[in-house]
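Below you'll find a set of structures to go through.
Below, chain A partners chain B and then partners chain C, in two separate complexes.
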Partner chain A sequence: MSEKIITTEKLFKRYPVGDGEFTALNDINLTFDKGEFSGIIGPSGSGKTTLLNILGSLDSPTEGRATVLGHPISSLSHKEAAQLRNKHIGFIFQVYNLLPVYTVFENVEFALLLQNRSASERKKEVMQALEWVGLENMANKKPSKLSGGEGQRVAIARAMVKRPDLVLADEPTANLDAKNAHAILQTMKKLNEELNTTFIFATHDEKVMGYLNRLIHLEDGKVAKDEIVTAKTV
Partner chain B sequence: MKLAFHLAYKNLMGAGLRTWLNAGVLSFAFVVIIFYNALIDGWNQQAKIDGINWQYGYGHLVNDNYDAYDAFSIKDGHGELPESKQKNLTPILIQQGNLYPNGRMMSILIKGIDPNQGILLLPTQLLNDSKAEIPVIIGKRMSESAKVKTGDEFLLRWRDKNGTYDAATVTVAGVFETNVPFVDSRQIWMSIDKLRKLTLLHNKTTYFVANEQYKYESAPGWRFEDQEYLMREQTRLINAKKVGGSIFYVLLMTLSLLAIFDTQVLSIFRRQKEIGTYIALGMTRWQVVRIFTAEGAMYSVFATVLGAIYGIPLMWYLSITGISFGADGGEMGVIISETLYPVYGMGLIFGTILLVILSATIVSFLPARKIARMNPVEALKGKIS
Partner chain C sequence: MIKFIFKAILRDKNRSLLPVIVVAIGVFLTIALSGYISGMLGDIVEQTARFQTGHVKVISKAYAENIDQLPNDLALLGIAKLHEELNADYPDYTWVNRIKFGGIIDVPGENDVSKGQGPAMGIAIEIFSKNSGEVKRLNLVNSLLSGKIPVKSGEVLLGYEFADKLHVKVGDELTFMGNTMNGSIAFAVFTVSGTIRFGNTAMDKGTILIDFTDAQQILDMEDGTGEILGFYKDEIFLQDHALKTAKSFNAKYANTTDEFAPIMKTLGEQNSMGRYLNIIDSITNMFVFIFIIIMSIVLWNTGLIGGLRRYQEFGIRLALGEEKGHIYKTMIYEAVLIGVIGSVIGTILGIIVTILMQTYGINISGMLKNATMMVPTVLKSKFTPQLLYIGFIPGVAAMVIGNMLAGIGIYKRETATLFKELEV
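Let's turn to the complex of A and B:
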């Protein structure tokens, strides 16, 4: 039986706009199993990123319930939410969000520093993560010296180094050319298969969709379609 | 906290020139504060030593009728102290008189002192060595204002205890140089026995200067003024200078701390995505506040190191050569030497370091508090204005 790691029930997110309010998420009821390689897809403004932020405990719903790895997001304190992200969730962003003054190694190491791991353990894990993404020879480079594809691969290594249960990737290929996009998608797919890490993407990129096993279509904040699809294999 | 300092260090080193500009400005304020205070302390110390050596000794036993600030008290401000109570004391008698050097007239104080005294640095031995009828010693300021030098003779006029005018020719037995204008300007020193004889004030004394061994015993008609009391005006002046100086360095500190504050405000605005990323990676908001606060505090640590690099050799050099202001205390009525030597106390240095670190930490914390209220989603988008 598959293990459910995320559940949302009657999830709403509303923002005040002028005198009224804008509903970004409207009655979202979803479950995600461990090891899924799923995508929340839809046009800009459909609520993809908002849903991802709630699942990542960066934001909280206005109404309804979201449970991630057994933690009810709405009732987490800042500290508890930080711990959840630190231990169990990896983020990959559209613009990589690498820390510019750190080297590739230090960027990847950051997540482990927050976990107070020993220096030797950190070194071992960081090199392993860089090996997964094929950047073990670039450990001492600064992000400014990397290409877009390399930068995103560092971001993947940073998200994966702590071996999280869940990786949330927001438009990870939006700034990449087709070749690099396929390369990083293959890397993520491989890690998903090898480590059984759950990946949830927010995307409207056709290339990404080709790799996903499940597509959740969002339209105006509502789930329009939730389909299981046959994905490319690596 | 270790992590905050580790990350702050990396961020500051990564920021390059911006970091060193801030640290440079702060280090300048830091060095100036230490130097200015050290100069005042040096002056204070020098003034105290000079004051004790030339004027105050270890206190004055003063006749009750004499008030140093009242010229009218000079005439009758003297008395007799039993011989038994004069142990470890050097008597000084003061009377008013007129000098006629080179045809001019100058109102002066005639001070009589025991030529064999060893408490004050006044070269009174010259009074014993001179073969002149009435030898006197004068200070350099007096010598310059009266335009007389060693060996010169001039007419001195005074009144004896009965008010009768008398006059005699006196000879300059020596000219001494001192930083203490109160034993120099508009006065001449002669043997107290001679002055007592000239004024008919036998055994009379205006005040006694105590040596280190002197133990005060109450004596009717006499009051004891200790060093602290005698130096009160000088201390007050130096304290006033310190207050004036503190305004100057508060201004300097404000300017440099403003630079840090400004950098922090700009930094928090410019580095929103970085802040959002820290939070997304699992830091609490207060952990991020600590990083930014540590960055500000670290500016002061860098400033300390930078200040030490150029400040220590500079201050060491100035403590040896001193700084010449060409000041004459006689004109200002204070004890001040031409060359001041700064004195760097440990308390001053560590106190200033602590002050700079604390202030830099506080001004960094103030804008960093904003992070605690930041919405991480907005921060990641870089949309906080």
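Let's turn to the complex of A and C:
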């Protein structure tokens, strides 16, 4: 029944530091199934972001293989990597990173603009995505008028509007209070269940962990533990 | 996408205002300055052509060698035949006679006491001949301060400051004394028909203007003239064509040893006018060149600062699946849009100022009270169609070059490195 959408084999990422090297990811072997709601957890500096960026084709491994949605990350050209992100991967970051000159609607629309979708289609999809996150009434607001929680919801709508197969969320709750953190987690969990979108988090936030079905513990670039857990239901 | 970029430019004043202002100022300065330069130098060239050199000039070879001394003893003779030849061979020009001469003016007062006296620079032109176009060419009607243009023999126009100095008004008589072509005394009585502002300090202070036939008679120059000036029929000087005309004319008289044989000189070959003509072109080019370089450097830097402020934006766009190359391309589109906006503003302002300067000018005659040089007393600009693009193209080019340079750094960086730098 389960469909593998990500596999990594003997994945290493090393950075040159001074005369030597620093190993940020050390022999990562993982698979992710479609529809997972899982998290890479570990202390700061353990390699979570590095791994997420490789899975998102923003970075490539020094050694080993990462296959994402059938694409070998190391051998993608710039163009192919951009295409992969554009069509299939949504990102959510710690800071919600909206473009300040554009309205909420336009920020979400931007993702579709890169896909050359028609104006009427864009409008329909953007309004749908804003509805998912409960912000359909804020479409014409500028990001500066939004609260942190609202901003992060727009970021979720922007990641979801193209109905990606995979959403990568790097510390999405780090700047939110508990109430807002729970709210956006519930939103994402709901979307995960309704659309069967795969979510992978990088986090060290206990609140997030409560929602996850799988915890991959990273320590100094190594997978220390990979466990299936029973998550809170929404 | 272009619409999206345009929205951002309009909304993000911080991003677009500075470059727009920089481009607009640069374009404005380029246009205003080159309009002013072509106005000023063009004015000098035109004035000189109209009053002194013609577009081409025919004189005797001997006269040519002593031209600064008004050597009417070396004048051209047999000009009726020469005119026939010129009109037949070079019909693009209007050929007119002029005589320049010097002398003393005396204004007789009551009881034989002189009311005023002074040296005069005389110019004789074909006022009475309808075909010469001289009255119009020298803008005499508009330059009249009092009186009228001479209509019969014995009437004279005076530079207005000269008239003031001599204390004469319209209708007064004055006497002229000088030398005939043959060196004997020339003497004539004139009636002042009008005073004139030539717009040139030296001429306003000491010139008398009479009809050519009067001068021929007084100076004993029957069938002779000091100079024959050729003007293009549309009054627009064509450097290369004029040189060809002169070459062909002079070839006919190349083998003669007669020092009174005619020789033709173009505007560019007289009074250092050639230098002026070249300067107009090269100064304008230099301005444009310097402007592009300076603006590019300024805009490169504003582009870099703008780029740094926008790292976060580029990061988001990369993550959304936009290609680096596309981001770079949109930066260039933006530069083109901003360059066009700035250039349009700068061009409009520049042209408004140029046209104002062309229409009204700035009168500097006060500053030139003692000048004896042939300098226009009104600073004027000149609108030429060239001004429409002379600032516009460099404005857009500078903005695009500046942003291309600024963007290269971003473009060359690896996506991963870039993204890390962009991370917050």
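Definition applied: the second predicted complex is superposed on the first by the 234 of 234 C-alpha atoms of A that agree within 3 Å, B and C clash if a C-alpha of one lies under 4 Å from a C-alpha of the other, contacts with A are read in each partner's own complex, and residues count from 1 in each chain.
To be clear about the criterion, a residue touches a chain if its C-beta (ideal position, glycine included) is under 8 Å from a C-beta of that chain, and two chains touch if they have at least 3 such contacts.
All figures in this text were calculated on a predicted structure; none of them were measured in a lab.
Overlay on chain A: chain B and chain C clash in the combined arrangement. In the overlay built on the shared chain, the residue A:20 is in contact with neither chain B nor chain C. Of the two partner chains placed by the overlay, only chain C lies in contact with A:60; chain B stays clear of it.
Taken together, the two complexes place residues 53, 56, 58-59, 78-79, 82-83, 85-87, 91, 93, 95, 97, 99-102, 106, 110-111, 113-114, 158 of chain A in contact with chain B and also with chain C. Of all residues in chain C, only 1, 4, 7-8, 11-12, 312-313, 315-326, 415-416, 419, 423-424 touch chain A in the complex they form. Those residues of chain A whose C-beta lies close enough to touch chain C in the complex are 49, 53, 56, 58-60, 78-79, 81-87, 89, 91, 93-95, 97-102, 106, 110-111, 113-114, 158. Within the complex, the chain A residues that touch chain B are 53, 56, 58-59, 78-79, 82-83, 85-87, 91, 93, 95, 97, 99-102, 106, 110-111, 113-115, 158. Within the complex, the chain B residues that touch chain A are 3, 6, 10-11, 13-15, 273-274, 276-277, 279-285, 287, 375-377, 380.
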